[in-house]
Amino acid sequence: MKVWQKPGFWLPLVIVLVWGGAVLLIHQDTMRESAFVLLMAVGLASSLNILLGYTGYVSFGHIVFFGLGGYTGFYLLSEQGWPLFASAIGGGLLSAFIAGLVGLAVLRLRGAYFALATIGINEAARAFVSNFEPYGGATGMFVNFSAYQKYGGPGPALWTTFTFLWITTMVVLVASYLVKHSRFGLGLLAIREDEDAAMVMGVKAPKAKTITYVISAFFPGVIGTLYFFKNGNIEPGDAFQLHMSIEMLVMVMLGGMGTVMGPLVGAVGYQWLRGYLLTSPIFKDLHLAVAGAMLLVIILFVPAGLVGWVRNHVQRLQKVLE
Amino acid sequence: MLDQLISSLTDGLLLGFVYGVAAMGLTLIWGVMSVINLAHGPVIAMGMFGTYLLFTHLGVNPYLAMVPVAGAGLIAGLVIYVIAVHRVINAPHLSSLLATFAVNMIIIGVGTAVFSTSPQNINYSLGSVEVGFLTFPASRLVGAFGAILVTACLYLFLYFTRAGKAIRAVANNRMAAELMGIPSSRVLALSFGLGTMMAAVAGGLIATFFPFTVLSGGPYELKSFVICVLGGLGHPLGALVGGLMLGGLEGLIPTFMPVSWVPVVEFGLFVLVLLVRPSGLFGAK
Amino acid sequence: MILQVYDLTKRFGGLQALSDVTFDLHTGEILGLIGPNGAGKTTLFNVINGVYTPERGRVSFRGEDITGLPSYDVARLGLARTHQVVRPLHELTVRENVMVGACYGREKHSLKEARRLADGSLDKVGLLDRGDQPSGSLNVSQKKRLELARALAARPYLLLLDEVLAGLNPSEIASMMDTVRAIREDGISILMIEHVMQAIMSISDRILVLDYGTLIATGAPEEVANNPQVIEAYLGDPNMTARLLAE
């Protein structure tokens, strides 16, 4: 069977397609804003999952690629006058390039050592960018207003940005599916299960891991550019939040790591929960504590995540929920 | 110039002792059970607030207050271990990382609800000490002394008590220790408790230097990572040395370049050491 | 000559795991490797296939020097192995496990061909009906056969088998022996470690004996069995004496 004949390929794609399409049709600003946050979460979590879910490498500081790519894209757009699309790709490519550069070295580390190194890389990048004058140092950059004019003013520009994000998210989901169901992906899964055994069977682990790291770094760079353009400014404190990095991990874990559908379900579930807790009169002050307690319950009792759990318990859904 | 350099370095080194204690808690837990405790920062903050509350509301001398704070830290660690860590102790690293991070969220969440995030400080001064041309707050000197005392106690405990020897046995080889009849679950819980106890005490000491908020533990947690890696993950004495190195760097760097470059150097060094010598600068290859 | 090992030496800290091991393996041969526990047999495999780098010595495979090559490059040249302590890729199905071997082995198959090839290998070891099961759910003897199927799917020229008979009951041993013979019939050379004496003596063309990292005897099974040094090495090992008596 070809890819386009598989329900597992279409399900996540159609969900995002219909959802983003509906937002574009209804054309309401508040709806766009909340959909932006959600789609961004889906995109980031899915990118992380390509590395985390398929190779088992826990990139704790993955947000560094959102930050570095976002900064670069923002700079190209605002200071160099590049179009949004090109800037976003530029941001993504820079993230991918950095990942390729550091990947070969840090991916030699295993388990918690790798996780620690990625935290270090994120903190070092944050500190560096805070000192990097072309990127505005500690105060960051504000968007050059003329950048909006290309898209017919700030209002329409936001819609354009949303459309790009929508498409990017779908591309991430497609990439995630294709990687998982390719020969390359099979090698990654083997690395995840037992890296040494995989190498004995001929899987070139160092190369495969680095390529995967590059792929999973590219999309956060694109998404970062779109996000900070939407915000109108960028600063080190927003671009390299370790907390956001961990939220991405939580979303992947919640939905089910190593599945294509999982990060989608996890991101939407997490954001919905967060929104609910933040606005609920009972939990408002304690939202962080409640979210923490729920995370703990998931990790201790449903380690496969929601999608993983359903897949393990309902045989018939295995072909649909990839 | 030289005067300024020496005084800045001294300042950094004194602070480094306290960093060392914070990192020692993290490295102890890692060494015994290969878990990176992401609730480390909030526990440091709890130590700050415990000391603060005892001092401000009950008038307890902050240094005396650290005794009950240490006790509370130990108990908190035992509770965290039993609830959040024990079940994932043999699971992949991601599970224990996220489980301890969940605890982090819970503590920060409750802490924010109770104390808000506005800064507090312990209004207790010991004056300052002058040695030659050097002048520094006496609290730094007491802090460093406290750090050495805590380290000495930890070592006496690990090397001269039954429980301490059991911890070392489990750290060395959990399976072998179990075969010899050491109840490993209890030993793991105790180690986790000791680790958080060190964090709480470090928090108390730091609170006598600087103002702090519920979120203040975070930066010290990150510093602890750096220190542990410099000194070799899993080696308590290495953590003290690593702490001194980090403190020294923080004292020295600002005399050569803007202060804002300090974290670039720190974390750059951190990643480099992880890559080149993951066993630490002094650890066996 | 498919494999030539010359002067191979491997140390773990103070422990000399292999000292100056030298031997040849002829094309189409089944070469047995025996020796007491801890003699360095598994280590020899690990050095040959690139899991460890030797301190000294040379390994050449089909005329090519492969000393110090990473294990994945060795695998791609057509050298496959099984593990003494089984290492299934737990979360993957039995079939997917074998497909990894086919995709990344000597012939680098696409997923589709790999699936076909995997079924062939699974059939050979009698696991075809378990193809869709997660490999973590197999029992030990099935996991041993999975190891073998995975290695076969790589279509190797040379197969290193590390105690594939250990832990199997007599009838399972007999069927595994048939499988190994059939593999040789397909033209694959075999180097196999075994503690089950009767089996290894009957199946091997020649036997190597390793003791404390040193090769103490080489030759036909009967020769080796009557070699006084070999007998001494084994009698020095109470474990092995017990095993010999049991047979």
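Think of it as A, B and C in the order they're written, each chain with its own count starting at 1.
Keep this in mind: a contact is a pair of C-beta atoms (placed from the backbone, for glycine too) under 8 Å apart; a residue touches a chain by one contact, two chains touch by 3 or more.
What you are looking at is a predicted structure, and each value in this text was computed from that prediction instead of being measured.
Common partners of subunit B and subunit C, by the touch rule above, are A. For subunit B, the chain whose average C-alpha position is most distant is C.
Here the chain at the heart of the structure, going by C-alpha means, is A.
Pairs A-C and A-B differ in how many C-beta pairs touch across them, and the larger number is found at A-B.
Mean C-alpha positions place subunit B and subunit C at a centre distance of 49 Å. Taking each chain's centre as the mean of its C-alpha atoms, subunit A lies 43 Å from subunit C. Distance between chain centres (mean CA atoms), subunit A to subunit B: 32 Å.
Looking at subunit C, one finds that none of its residues touch two or more other chains. Per the touch definition, subunit B reaches subunit A in the complex via residues 30, 34, 36, 83-84, 87-88, 91-95, 97-99, 101-110, 112-113, 222, 225-226, 229, 233, 258, 260-264, 266-268, 270-271, 274-275, 278.
For subunit C in complex with subunit A, the touching residues are 49, 51, 70-72, 75-76, 80-81, 83, 87-92, 96, 99-101, 103-105, 110-111, 114, 150, 154. Considering their complex, residues 181-183, 186-187, 189-190, 192-194, 196-205, 258 of subunit A touch subunit C. For subunit A in complex with subunit B, the residues that touch the partner chain are 52, 56, 58, 60, 105-106, 108-109, 111-113, 115-117, 119-121, 123-124, 126-128, 130-131, 138, 246, 249-250, 253, 257, 285-293, 295-296, 299-300, 303.
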